Amino acid sequence: MNIILKVSGKFFDEENVNNLLILKESVKELINHGFRVGIVTGGGNVARRYIKMAREVGVGEAYLDLLGIWASRLNAYLVMFTLQDMAYMHVPQSLEEFIEAWSHGKVVVTGGFQPGQSTAAVAALVAEASSSKILINATNVDGVYERDPRIYADAKLLPRLTTSDLRKILEISQSVQAGTYELLDPLAIKIVERSKIKVIVMNYRRLNKIINIINGEEISSVIEPV
Amino acid sequence: MNIILKVSGKFFDEENVNNLLILKESVKELINHGFRVGIVTGGGNVARRYIKMAREVGVGEAYLDLLGIWASRLNAYLVMFTLQDMAYMHVPQSLEEFIEAWSHGKVVVTGGFQPGQSTAAVAALVAEASSSKILINATNVDGVYERDPRIYADAKLLPRLTTSDLRKILEISQSVQAGTYELLDPLAIKIVERSKIKVIVMNYRRLNKIINIINGEEISSVIEPV
Amino acid sequence: MNIILKVSGKFFDEENVNNLLILKESVKELINHGFRVGIVTGGGNVARRYIKMAREVGVGEAYLDLLGIWASRLNAYLVMFTLQDMAYMHVPQSLEEFIEAWSHGKVVVTGGFQPGQSTAAVAALVAEASSSKILINATNVDGVYERDPRIYADAKLLPRLTTSDLRKILEISQSVQAGTYELLDPLAIKIVERSKIKVIVMNYRRLNKIINIINGEEISSVIEPV
Amino acid sequence: MNIILKVSGKFFDEENVNNLLILKESVKELINHGFRVGIVTGGGNVARRYIKMAREVGVGEAYLDLLGIWASRLNAYLVMFTLQDMAYMHVPQSLEEFIEAWSHGKVVVTGGFQPGQSTAAVAALVAEASSSKILINATNVDGVYERDPRIYADAKLLPRLTTSDLRKILEISQSVQAGTYELLDPLAIKIVERSKIKVIVMNYRRLNKIINIINGEEISSVIEPV
Amino acid sequence: MNIILKVSGKFFDEENVNNLLILKESVKELINHGFRVGIVTGGGNVARRYIKMAREVGVGEAYLDLLGIWASRLNAYLVMFTLQDMAYMHVPQSLEEFIEAWSHGKVVVTGGFQPGQSTAAVAALVAEASSSKILINATNVDGVYERDPRIYADAKLLPRLTTSDLRKILEISQSVQAGTYELLDPLAIKIVERSKIKVIVMNYRRLNKIINIINGEEISSVIEPV
Amino acid sequence: MNIILKVSGKFFDEENVNNLLILKESVKELINHGFRVGIVTGGGNVARRYIKMAREVGVGEAYLDLLGIWASRLNAYLVMFTLQDMAYMHVPQSLEEFIEAWSHGKVVVTGGFQPGQSTAAVAALVAEASSSKILINATNVDGVYERDPRIYADAKLLPRLTTSDLRKILEISQSVQAGTYELLDPLAIKIVERSKIKVIVMNYRRLNKIINIINGEEISSVIEPV
């Protein structure tokens, strides 16, 4: 049984050592429960700051995305070094490299792959290529809400929804910042749909309860591909 | 002045030596007119046949796409070897490899990059990374039509349109085969929009008139990014 | 116990799904009987068609061979993706890359390596480097005949012969098309001789009886190195 | 005439767009004056923060250094993308990769290479391999002082000194934090001595006067190898 | 339990087949006693001869060191091919490549990494990155002596010493040939100190007693990091 | 006009600095006369000694050849470093790597490629891939003789011969040491024949007269492909 864990860039922005220790424990837990684990890390603040600097000196879009990708890879190195012997010691830079790394039977950690797509799309591609049936998206909110919870404090959490529900919600909740996708971008949704991958959105502060979350016994949102 | 030329997989299906010779001449023409040229090749029938075989033995979606990518790379090798000294002798396998290859000042030829995206998306990414302001899509029809011209013989060619026009047309004309994008997929459109790249759709039988087409003096469709 | 299986390009020309399924089963069989398996794929029709096109536009010999090599690699990807978890997920492009891939303890699939040599030579090199004592050549005839069986319908199958017998037979049967070696080229023969590798030529339609063939209980030709 | 410019990690900590623009101009200036330029970037605060996090979760010394190296590479990407067409588009990860990249005749930008050595040592190695006779160390102070100027506000700047003077100064001025070398570490000094490379320490705020500094007409310290 | 074995270049100068056979046996012994083994090979006479030739035609210091590194890699290939299936079949060319190779669970053999450092420094870096607590330095003398035993036949062997003792001894015993470090160079000492790695210096003629030497039951010098 | 120069391993066995200086001058001469130059180096004594040691400890044929290849690469590094800025700074390890390196417009230096073939075959492959019409084989005798000149002091030099003459001579002159080809092996002859490459065999002591030799004004043997 294979599983992919996407860790939001916000996880690293907190510079919280406890976060890292819980992540390490949750990977051990998953392995003990018979899972093979792949991890995808977001870029977070370091990504945003480097992109901002570069944009101001006139660097083009493809290269701005690449700076974000390199920042996400820095986070991947941090996670990989934290996992040490559990991990295969190479951060793949494309899906083809991931597939080769995945052959080794250890945890593989990756950041971004390519301009024009989010690290959530990377996570979906990696889930598909590893025949994972579950993709866990660990972020700074408890799951998918009807509306962006950072803006609408009273937004309601959706424990279960479909990818087509999600499409509608993201259209509304993110309409203000056109083009900046959060949670899942269109490529990510297309991939999880075509390969029937269940997505669980959860709070990374609950990573210590990851088995419960997979079993549906803890707060989270489960997105069924349709 | 940099320019990207996307050659449809259908070009190679014809196994027409003349096609290759005209392509070579058109590249020389472009270079003589001061362009640096990048080329992206589609997969065509070889791609479709290998995907079909693999699907029937139960190979997963990511790997089906990779077979199509390797077929498109075979076409890239054919073009690269035909161009010989004009080309940098490496077919890049990701945008990062393309960027390094592009540093060499010669023609770079590439096939597909990643599952989940078309070679038209590759062409858009490559155009963006090379600061090309024009992306030429050479295919087996004369340009963009109101409706798919293979199905509706009377469909009207659109000499000028915007990317947002194109989005609507593709939704209608391709609705039957949901998920299979032709001409440009959503990622390709997103990229040409964000980096203001003009797309020209033309018939590859007119590659000998490529300069006229760039100058707007020959049958084709010009798609303005908006 | 290590074993190399060379699959003729003709196997892929048939675009026969059953072929692929039987190949997969035969690899499982071999593994169950304690073999570690390496596979080398020929180029077939796709190779010939691309070489023909390229030759007509004036591409040089080294590059024609490379097109054939890339076609054989496309076949290698098809086989590797069909085997999925049984295979190490990288198609080596040289003997040195093969040796590294072989370290991983899984099936390794490779196409051609270098201009100037056949994929049978690749198979011999790969057999030698993996200390395999048997090289199986699965093709579209039942074994080695006194004369080319496609031309002389009454040619007699040779159940046992030596490499020096083979040299003579190939000299006669292939004299018309000088330089085009079938079955084994001189490099392949040199390698199997110097490393004492037994070659079994068999029909790929009998891959489901591969263990019997290894045990000498089925139609095939066994070539002893001398 | 080849020259290497080492940019302190502190340059990037300021997140100052003007810094980047002046750096870009100074590279153009150097090229216009007939120099071929190599650039080495330090790691700065991002390096220190990732190392701190990783140390607290028990990551070993080699891997802490690697995190610092990856942070310095992120800075290298920022500089390389800012220089765009002036640069060869690959950040080398070892001296051997640098040497290959340097063959291309463009600016090469690199971060760290290996645990156990500073980016100043990288700069010295890169200067030696490129036959540069000058290595410029652009940092946040005006040059080498008798004592650490951040601690002793009245420390005197040394306009000229030898590497053996520097050894003594660094022993004293940095004795408190044994093992953490600033400006130049022992490997850097050994390399510039054995290959007779002159080191100029200058303030990166004066990069717009880089030609004057090379000509000895501006505030800086010149360190002669002995 | 991981362990690194550094084999002096002098070992290969003897062109003694017995040396190689005993080395192979000692690796088996270590594995049987539960160790995972890494090996670093020196350059020896081949290195010195190539460096001498190159120096006389005016090749620079960085490239002289690289010739020595390539000679040491030739020795690494000899050892790796001798170990055959026990080894991972790739000679890493940098610490990052070593780390990836080490993930494979087999013996990894490496020569030099970078100009400006000895293969003893490589051994220390590799010991640190593999969390080895013991680094064995197998050379042509019985251990560390008060003075260079090749010059002073009556020099006394030191069964136990600290890295700070060693620093003083090397300063004296090697003062004549300033800059040419034997046994351990400053980087090697720095690394073993910071990561608390015990170094055992022994004669490679005693490799057949390697377990006794690790247990302190045979002639050798044990250097404690302080 | 492209040209390939194969330098016998014996050239390096002499450890003669003058040899290297004359080689460097001859490359400059060729460049000044409008040639682009590729160089292939033999393995010589170092190859033979490492192969001998390895054979005695039971290393297999493929790996013995690889040791010879690595020795020839060591010679390639020596030549490449001697040529410095004239050369592209990478020693290719396969024909595909050579082709990419050759795109850079500089001298490319290579050693062996693959077990089972001589460095003369490498030189022929490299000549073909670079569209060279001349391949110069610089060795320790003055050209091709009727019989091996080391054995028969009175053997007569053949100023002109064809590849089919050469085949016969090599069969006779080398019959005693079956399987060990000198000058050209069968693959080398096949390649120069199919691509119509003229081979000139000359003494490397005359490299200072290389232009005269190309013009047929100096002692050498010219082998016409037929």
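Letters A, B, C, D, E and F mark the chains as written, and numbering starts fresh at 1 in each.
The rule is short, and it goes like this: contacts are C-beta pairs under 8 Å (C-beta built on N, C-alpha and C of every residue); 3 or more make two chains touch, one makes a residue touch a chain.
Each chain and its UniProt protein: A, B, C, D, E, F = Uridylate kinase.
Quantities reported herein were computed from a predicted structural model and do not represent experimental measurements.
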Count of contact steps on the shortest path from subunit D (Uridylate kinase) to subunit F (Uridylate kinase): 1
A-B, A-E or B-C - pair sharing over half of the D-F contact pairs: A-E
Euclidean distance of C-alpha centroids - subunit A (Uridylate kinase) vs subunit F (Uridylate kinase), Å: 54
Length of the line joining the C-alpha centres of subunit E (Uridylate kinase) and subunit F (Uridylate kinase), rounded to whole Å: 36
Between subunit C (Uridylate kinase) and subunit F (Uridylate kinase), centroid-to-centroid distance (C-alpha), Å: 31
Per-residue multi-chain contacts in subunit B (Uridylate kinase), two or more chains: 63, 66, 99, 104
Chain contact topology (line, ring, star, complete or other): other
Chains grouped in pairs wherever the two touch, ordered by label: A-B, A-C, A-D, A-E, B-C, B-D, B-F, C-E, C-F, D-E, D-F, E-F
Residues of subunit D (Uridylate kinase) that touch subunit A (Uridylate kinase) when the two form their complex: 15, 17, 20-21, 24, 46, 49-50, 53-54, 56-57, 59, 63, 66-67, 70-71, 73-74, 77-78, 81-82, 84
Sites on subunit E (Uridylate kinase) touched by subunit D (Uridylate kinase) in the complex: 60-63, 66, 93-96, 99, 113-117, 121, 125, 128-129, 131, 179, 186-187, 190-191, 194-195
Subunit C (Uridylate kinase) contact footprint on subunit A (Uridylate kinase) (complex, rising order): 99-100, 102-104
For the subunit E (Uridylate kinase) and subunit C (Uridylate kinase) complex, residues of the former touching the latter: 87-90, 104, 106
